[in-house]
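Remarks on the structure that follows.
Each chain gets a letter, A, B, C, D, E and F, in the order it is written, and its residues are counted from 1.
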Amino acid sequence: MIIDCHAHVCAAPELYQWKSVLMSARGAHGFKPKTFSNDYVRDHPDTKRNLRIMDSVGTDVQFLSPRPFQLMHAERPEKLVEAWAIANHEYIAQQVAAFPTRFQGVCGLPQAVGQPITFGFPELERCVNNLGFIGTLIDTDPGEGDNSTPTLGDEYWYPLWEKMVELDIPGLIHSTGCKNGRESYSQHFISEESLAVLSLINSRVMQDFPKLKIIVAHGGGSVPYQIGRWQADYVLKAGGTVDEFNERLKLLYFDTCLHAKKSLEMLIGIAGSENVLFGTENPGSGSAANPETGKAFDDIKPLLDSIGTLSDGDRRNIFEDNARRLFPRLSISRSQDAAHG
Amino acid sequence: MIIDCHAHVCAAPELYQWKSVLMSARGAHGFKPKTFSNDYVRDHPDTKRNLRIMDSVGTDVQFLSPRPFQLMHAERPEKLVEAWAIANHEYIAQQVAAFPTRFQGVCGLPQAVGQPITFGFPELERCVNNLGFIGTLIDTDPGEGDNSTPTLGDEYWYPLWEKMVELDIPGLIHSTGCKNGRESYSQHFISEESLAVLSLINSRVMQDFPKLKIIVAHGGGSVPYQIGRWQADYVLKAGGTVDEFNERLKLLYFDTCLHAKKSLEMLIGIAGSENVLFGTENPGSGSAANPETGKAFDDIKPLLDSIGTLSDGDRRNIFEDNARRLFPRLSISRSQDAAHG
Amino acid sequence: MIIDCHAHVCAAPELYQWKSVLMSARGAHGFKPKTFSNDYVRDHPDTKRNLRIMDSVGTDVQFLSPRPFQLMHAERPEKLVEAWAIANHEYIAQQVAAFPTRFQGVCGLPQAVGQPITFGFPELERCVNNLGFIGTLIDTDPGEGDNSTPTLGDEYWYPLWEKMVELDIPGLIHSTGCKNGRESYSQHFISEESLAVLSLINSRVMQDFPKLKIIVAHGGGSVPYQIGRWQADYVLKAGGTVDEFNERLKLLYFDTCLHAKKSLEMLIGIAGSENVLFGTENPGSGSAANPETGKAFDDIKPLLDSIGTLSDGDRRNIFEDNARRLFPRLSISRSQDAAHG
Amino acid sequence: MIIDCHAHVCAAPELYQWKSVLMSARGAHGFKPKTFSNDYVRDHPDTKRNLRIMDSVGTDVQFLSPRPFQLMHAERPEKLVEAWAIANHEYIAQQVAAFPTRFQGVCGLPQAVGQPITFGFPELERCVNNLGFIGTLIDTDPGEGDNSTPTLGDEYWYPLWEKMVELDIPGLIHSTGCKNGRESYSQHFISEESLAVLSLINSRVMQDFPKLKIIVAHGGGSVPYQIGRWQADYVLKAGGTVDEFNERLKLLYFDTCLHAKKSLEMLIGIAGSENVLFGTENPGSGSAANPETGKAFDDIKPLLDSIGTLSDGDRRNIFEDNARRLFPRLSISRSQDAAHG
Amino acid sequence: MIIDCHAHVCAAPELYQWKSVLMSARGAHGFKPKTFSNDYVRDHPDTKRNLRIMDSVGTDVQFLSPRPFQLMHAERPEKLVEAWAIANHEYIAQQVAAFPTRFQGVCGLPQAVGQPITFGFPELERCVNNLGFIGTLIDTDPGEGDNSTPTLGDEYWYPLWEKMVELDIPGLIHSTGCKNGRESYSQHFISEESLAVLSLINSRVMQDFPKLKIIVAHGGGSVPYQIGRWQADYVLKAGGTVDEFNERLKLLYFDTCLHAKKSLEMLIGIAGSENVLFGTENPGSGSAANPETGKAFDDIKPLLDSIGTLSDGDRRNIFEDNARRLFPRLSISRSQDAAHG
Amino acid sequence: MIIDCHAHVCAAPELYQWKSVLMSARGAHGFKPKTFSNDYVRDHPDTKRNLRIMDSVGTDVQFLSPRPFQLMHAERPEKLVEAWAIANHEYIAQQVAAFPTRFQGVCGLPQAVGQPITFGFPELERCVNNLGFIGTLIDTDPGEGDNSTPTLGDEYWYPLWEKMVELDIPGLIHSTGCKNGRESYSQHFISEESLAVLSLINSRVMQDFPKLKIIVAHGGGSVPYQIGRWQADYVLKAGGTVDEFNERLKLLYFDTCLHAKKSLEMLIGIAGSENVLFGTENPGSGSAANPETGKAFDDIKPLLDSIGTLSDGDRRNIFEDNARRLFPRLSISRSQDAAHG
């Protein structure tokens, strides 16, 4: 079974039309989320298109979360942030209910910049306990480039780590928008993911929360490529050893949302197949033709298939087993796989 | 001949003691740079130590610039910035004069945040025309993390491109300090270099200035590893092609300041040996023991030596010829090489 | 012929979906406006619905402008503002082209806060000269409640007055969003319109631009109700007379977008039928059932019909003649009226 | 008996001279209020002039509060705010003591922007308990246009509502100065009063504090004229009914400080005579000649007298009975009326 | 003849009452200065009181300027600043006209923080050319403690130096209010005067404008007492000599507004009698009983009389001749002195 | 014995080199202070030079604190502030240990702007309890000119007064750097010391903490020279008497760090010899030749020697006894004096 742990909802234009009104009205119309009928969601062309793409690339299951760059965590009033997350989660839950063997829900934790991280817990708990969601996004920078939020090593985040352990859900590190005027949101993803990895390695978080499960999107930002730099840094500035650095790195997980074979090789070489999860963000920013493969950049499976050094076990880890291990709330059994195929 | 195009001055503590006074006095003691006698600089243990390290790793020539993380471009009043640059340049010029076959000077362009880029031109011209310097550092973010400076594609930078072409000097992209409270200066280097590469590829700068020579430090930040992402982005968002992206990437140069063999392989694979220059920042942040080689992380030559796929021509490109091509003001002839060896 | 001079485009959800992407990407996807085929726009259910509403309330012609509260004039980068305006104008132009006897276009002048008012002139001229638009919105507060923009009496606005006179188009005073955290956008409309009327009466604008034509939306905010206050103010603080105040008031025009009969009576009593234009913003914020009439609040014609003191001439003024006088670029002839009826 | 519930103290120039020193010294001279002898206050020409005006327009009793636009709630340090309020209250108390059948005191609640609303409670209690004052002003925007203070529906204000109920005093909504650079203080009054009415209708305040008595100055800002707009809004955005809106409006009181007959008719038509109190702010901003009546704009009694539809009971409500009902601490008995007449 | 070069207007309370309205209205009532009849000013008790005090302490002539701490240079809009200055100047001009042998006018240059220094030139020229004023105040810190204005050595001030030389008037260095929350305005005077002296000594101003005449109020702040510190500083940091420092100090003038004999001795010892002018600020902040003399602190003449080391020439310099030399526009001849005595 | 209570550490350049790295790295290298061997500190030329200067001017004992202008209290993150203080204290403790009869340690209280004053208590207690330090510096303005810190009369400082009384140590008022762009750090010292004296006289601090011992550096700023001004102020504005002012002044102590004989005379005349302590800051800002004495400005003993009016008792007070009284933790006995002489 091919499980794509990093996918985002393909929702109807009307959901975004409502968002546009929500943001322009700043709450003047209230915060009641736009709702759709179950049939509407199930039969919507955008839902259908997503399923067709999944079929065409061989993905059995997608973990759906809200589109991160749309999450507008820095907007005010903060109830906007929550309302938009709720509307997304409702829509995702309807897609999951309509196609329970193809989709699972992942929460877009409402993170309003300047608020304590607990701000989003009611909605997170609702997603997990009521809607059956199995994980959550974590935005390392809800200020969208304003440098106001502490990095992941800070105690600011500890209530989230506790809550995740309590709910037994993993988190996907994935920043959202960027309004700093210099980085595009997509460039900001990479900077933030690099910073996330280094913050976790250079702090006590993973030691304080040994059951915490963190997946870093987009292959860990720049860290695998720059690894020697951070190993040296860890020795020279933190007084540790390279082995210690490597052990700490192994406490983290990474997705395969990289669009080049050599990058995937580098990632798996460094993190090990037991720490890498198949994730593609397809359809999304990578949906352009890759001349290397003749397919879309975000059709990542062929790239992985072409890596000769991977064993069958490695592939099972990456495509299914790691996801099953990290997401214990996943409700699609192995046998169901055959069913829809 | 082994030319290290990315090295920073090893100066006497007294130079930094003066900096400490300069910053604390904020100009109350005037801005006249601290000076040292030629003998003092030549015979100083820190100069000697640097030469010993060069000898031990086989470097014939270092291009010396000020230590970037010390450049404090965001401090006020802006004359502080200039004064500190001048003091560094004087010291470097004295080291070059003392060891003219081992050192060449590279300017630390004084960039005071909020000022036009022309602010530093008098000192840049003095360095090139009077002190015989052969290149310059370029700080993409003189605000040290404040997001106030436009990215390299902006017209803000055009006077610099003109001046560099006029002086026929290349620039080494290398940010300086970081005060945003989230990234360390070293993490900020990587973010800024990634942004620099993408800004140049996604703008008209290299087309408008075909003679412009830009070297991106630390192997181009995250770009080689994330290359598929940016290729897809270029196609999907800018409406270009992957070939076009690759051609534009080939207009840029990169140094080898990466501390892992696979990263170097990836860089050379993507940029080509004719676009990669040997650069180590040794001694510096990488001067810790690398268990991969048994040597220091910043002893990069053994890593390059171990890459079997490189031809002799590739190595000559990387170790010497690219530097000679990009730095026409380099005053050490090939034959001189033998002399000190 | 019933001409509604204050109506906003009923566009496809996909237009707002694109806006949502535009705002989240902050230009990372470029600024090329989303386009639709002519057939799509002509046949879209939202276009049809608008026509049905027009027919049901007896409106022959609507002057369509972008929805003001969606205009996000305070967002950055400022090219977002322009891009969104262009996309709206293209859509409106397609609706006008599809139904040339029912719709006319009105520009949503792109006003980026902090920019000179000339920022939006290229798009304004394109709207008038290329798309055949006949008027423009004027946002008195592009900062959306940040108090940074001078009031209409200030020289900041003079280039706009010149441009409007040159193009011979009137402007509809209508603020947009509000992010000050206290007023809803709709409450802000009223405050801004009041301020607009008083700024124009208390400055030399109408004297300096005798050909300038300004229509104040929503019946002039609070001014007709508070008129004694401002008359006294004009005498006591500006040293004028009540007659002078009244003459100056008569240089301005008002729409009928008020949802109560007595308010309309008050407005027409003060401004005179020759200074009031039929405008309803229907469908829009007033589309709720009014128990006074049994119809929607924004079905304003019955309210006007019920005012016994209005003569036929008054009604012709309000419903058609004033609009024809103020909008000389209006391309629907009187005889065409019959055609679609 | 004619009771004017909205009047401001006519104080000696020396009181304002002291204010000027207080503001310039920012507390360097201490905060001890300027005091005057009882004789001085009683016999001062400005006191006498006020009594003459009252006699000339037929006002028996004025409720005197500090001049709102002088209250400088946004100045620092906050003790300035309190000191100036105290000085005013002392002066008012002396006028009341001198003319106990003509004047009653109303507190100018010291509201220092950024402080909790409890900041002014000691002085409010002193006014009511020690000085015999019978009501208080409420400034909805102590930031004088800085948008920092929550609207009246917010919990920020709840301690005030409790205190007012405890003391059994009504509050007159009346903002003070305005430094936002766009609105004059007088224009700001109208905006703030509109916002106050809508905040109270759209929140739970009046339900949570059924004994709370709120009078909105200047006839409720723009609300009566724009009432259809807010009724539609209440239905469309808050999901209520027009009847509910009207019931909520009836929980509020309004003064007659409007300078036009038709506006007064509109106000009484909407609010009902049992919710309107005679209030004139005379002498004040309206003391200019009204050509409609040949009298001053703020001589409002003739305007009311000319409204033919008012019954004797309506007039008694407006001129006296509503005031007696809302201000139970009022110490002038009906019979005293005859005395001074 | 005893000339007091540092005195401030004793104006009617009504002038400050008007100021209080001006500041509260922020221009909403216009900016036309309050005016008074000549008789009113001449016969006002505050004018009379000032003349009585002058007579009682033996002062023949006062140079009257606005009260500096009242000048509110940091308030907005900037027309407030000008309007208040004009109103003061009119009042002073009326006092001078009424008592031409006792008073001379000194301008309170309108300095609106953030504006170029030329902002106040129209009023300065009006004062000198139309009203016959003979000097001007200079506020070194119109931001009232906000640190935004450059010190006197900066080119910001050069237009003022040119204008003063052109008009041949001296300037009295005297800061105004202070809103920084730490210093009282009076403490700020001393800090600013110290800074003024040091800025002028450490810059080229006095060399660039050899005809410039600067009088520093309150005996030069802290400089005479701390003189050794600044002499050492001048040698160590500016590379000058003590003699040079002393010569530069001698280019400046000081008033005697010090309330202790030893301080006056120190000042005259350092500056020399030819650089010190009698100035008392009486009546003002020093009008409290000095137990040293049994008189008011600001009755400074007895303190000077008690300094035994002063010659008759010294005294003539201080009391009259220096003033005559520095203020060539002074219109009271020596012989007039006898007249009023 | 001659005790110099105001001296700053003469440290090795390497200490400042480390500071330069610390500030540039902003904590990226950790905060572990640079350490030196005891021999290195004892034998360092800068230590030797200081001892030679002490011998040459006859100083037996110096109380060594960090150089204030280097303390960078406004830098971020605040751990920088603490780390730098610790490094200084370690160095000072090594100098004291090496020369226990010549040096005593004084803490540079780590004061991070915006933090409560308790921030530095752990290091203060370590200094006193572990390192044997005998007093502390107090920076009245850790914001380095940003006006954000309350003056000494405010309750912000009360925990410090309690801690000082508990530890029985005196505090030396001495501000640090200044970044306000107007005052040099040295000019800021004088402003801050003036403000400190006046804050303490005008508040209840010395009454609330009768055992508190405060020494004001640099002879009390401007206060002795301007004393009449503040006496008048105390009478006129605070309602006190001159005697009371004088008594309050006598609760404070002052050092002799003034570089002119007359200033020293003035200080001792006002404060009395029992309230003045010998302090020179030598070597430091005053180390330039004073033509008055032919010696350095900061060689203050000859100036004191030349004051004929001082008795032997006065001199003993100033040179030794006051220091012994105020610093009970001083561990150098009187008899030791002879030993090293």
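Quick notes on this one:
We adopt the following convention: a contact is a pair of C-beta atoms (placed from the backbone, for glycine too) under 8 Å apart; a residue touches a chain by one contact, two chains touch by 3 or more.
Quick caveat: nothing in here was measured; it's all calculated off a predicted structure.
Shared contact partners of chain A and chain C, listed by label: B, D.
Minimum number of contact steps separating chain D from chain E: 1. Shared contact partners of chain D and chain F, listed by label: A, E.
With chains reduced to the mean position of their C-alpha atoms, the one farthest from chain A is E.
For the touching copies chain C and chain D, the fraction of interface residue numbers used by both exceeds half; the interface is of the same-residue type.
Comparing A-C with the candidates D-E, C-D or D-F, the pair whose contacts agree for more than half of the residue-numbered pairs is D-E.
Each chain's centre was taken as the mean of its CA atoms, and the one lying most distant from chain D is B. With centres taken as mean Cα positions, chain F sits 44 Å from chain B.
Here the CA centre of chain B is 56 Å from the CA centre of chain E. Distance between chain A and chain B, defined via averaged C-alpha coordinates, is recorded as 35 Å. In chain F, 28, 181, 186 are the positions where the chain touches two or more neighbouring chains simultaneously. With chains as nodes and touching pairs as edges, the resulting graph is of another kind, matching none of line, ring, star or complete.
This structure has the following touching chain pairs: A-B, A-C, A-D, A-F, B-C, B-E, B-F, C-D, C-E, D-E, D-F, E-F. Partner chain E is touched in their complex by these residues of chain D: 12-14, 16-17, 19-21, 23-28, 67, 69-70, 72, 76-77, 177-179, 181, 184-186.
Against chain C, in their complex, chain D makes its touches with residues 145, 147, 149-151, 180-183, 186-187, 190-191, 194-195, 198, 218-219, 221-222, 224-229, 231-233, 235-236, 242-243, 258-260, 262-263, 266, 269, 285-292, 297-298. Of all residues in chain D, only 237-239 touch chain A in the complex they form.
Chain F meets chain A in the complex at residues 28-30.
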